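In order of appearance the chains are A, B, C and D, and numbering begins at 1 in each one.
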């Protein structure tokens, strides 16, 4: 288990390798990388600046990881989240899970990114060229997180 | 879209970068890497040898990719599958999807690995130390593929 | 009591952090926000719509009716948009 | 007609590929498999349990009642276990 909150970019291959190096019992590694898009609604995005709550960010991410480990039998998890100014095409976040079985890795990966979106104290400021604006939270992100609220992985049937 | 069937290992970071390099419109990249485990049932696995059907393998993987692109709005997909003799801890397969929105990338990634398991002509031979044995197809893999049979991504509610 | 503001709450109040000593009748988050509005026009503007504000007390999510006490770190911010 | 065998079908028949000319009464996959059993004890053993065999004709999945014709590439193999 590892959580990193950093300004610098990260190496996806190296990060994923951390989960499996020296291991022979892992059947699969699922991952998701989120990137800055050049459009937001109908506006062009020049850059995005991520603000966060130092201290609480790390503890919330660790808690989200612990929740994933409590729900699925995972051999490893990794969350890396950047802050500061980013340009379109740049990586924002990586979540990754390793497990003996692919279903557990895939479900837990989806859970991590869904929960992180609504439970980690980050805020995005977009520079659209027409000025800056704070990104509004999306109802669809709340819905995605709520799918996992009931607890067990089997509860996805209710989605 | 790209499909590779090869004996050599692959670089996960470089492979994923292919999906996003020079792009500014991609919001997320989901991926799954399958690895050789050192146990199979109650037996230790010394090595695994993957046999495939050259020609049909490539065309089936391309068709599975095309099916994913027909179901979700994807900006890129990648499937790399190895064959030949592999040891525990080695990578077997990578599936990856890129999309403007994370849900599409995540769902399509899960679809690719589920369909590939039952529709791509590969066969695994395990060396367990007590001799070689062909891996039996799993009913759970058939079930996982069947979830996607109905077609639309919304049909996951039926899982 | 330490108050932290993030995102547009930080911009509108004009501060990311301030140390305050509210009167004893300020017992919960709603009362605290009401009292903070009196600190100036920026605060009044930032804290006008309570439904747009989320809160953490000592780095744990809390509600508008959660109790606040001297020594607490209270953070006010809009809904989160990470990932 | 070209017949390909994979996995344990290849091992038990002792061949990965053979070119054959079945008689005209062999019209579908089931008939072809029945006829192939006569090619030797290895073939008979490999092809004994038809429920364990999957088939592709010209690299497309097919069924036991699918038609076969001279010039076809017919592959016989167990259920797939890739990924």
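The rule we apply is simple: a residue touches a chain if its C-beta (ideal position, glycine included) is under 8 Å from a C-beta of that chain, and two chains touch if they have at least 3 such contacts.
Bear in mind that the values here come from a model prediction, so they are computed numbers and not experimental data.
**Q** Which chains, if any, touch subunit B and subunit D both?
**A** none
**Q** Considering only mean CA positions as chain centres, point out the chain farthest from subunit A.
**A** D
**Q** In whole angstrom, what separates the CA-based centres of subunit B and subunit C?
**A** It comes to 48 Å between the two C-alpha centres.
**Q** In angstrom, rounded to a whole number, how far apart do the mean CA points of subunit C and subunit D lie?
**A** Taking the average C-alpha coordinate of subunit C and of subunit D, the gap between them is 74 Å.
**Q** I'd like to verify one number: the distance from the centre of subunit A to the centre of subunit C, where each centre is the average of its C-alpha atoms, in whole angstrom.
**A** Using C-alpha averages as centres, the distance is 27 Å.
**Q** Quick check on subunit C: which residues sit in contact with 2+ other chains?
**A** 83
**Q** Which subunit B residues reach two or more other chains?
**A** Residues 34, 102, 113 of subunit B each touch two or more of the other chains.
**Q** So which chains actually touch one another? I want all the pairs, not just one.
**A** Chain-chain contacts present: A-B, A-C, B-D.
**Q** Hey, which residues of subunit B end up touching subunit A in the complex?
**A** Checking each residue of subunit B against subunit A gives 11-14, 16-17, 20, 22-39, 88-89, 100, 102-103, 105-106, 109-110, 113, 144, 156-157, 159.
**Q** Going by the contact rule set out above, which residues of subunit B touch subunit D in the complex?
**A** The touching residues are 34, 50-53, 55-56, 59, 81, 92-93, 113, 116-125, 134-137, 141.
**Q** List the residues on subunit C that touch subunit A in their complex, please.
**A** Residues in contact with subunit A: 4, 6-8, 10, 56, 59, 75, 77-83.
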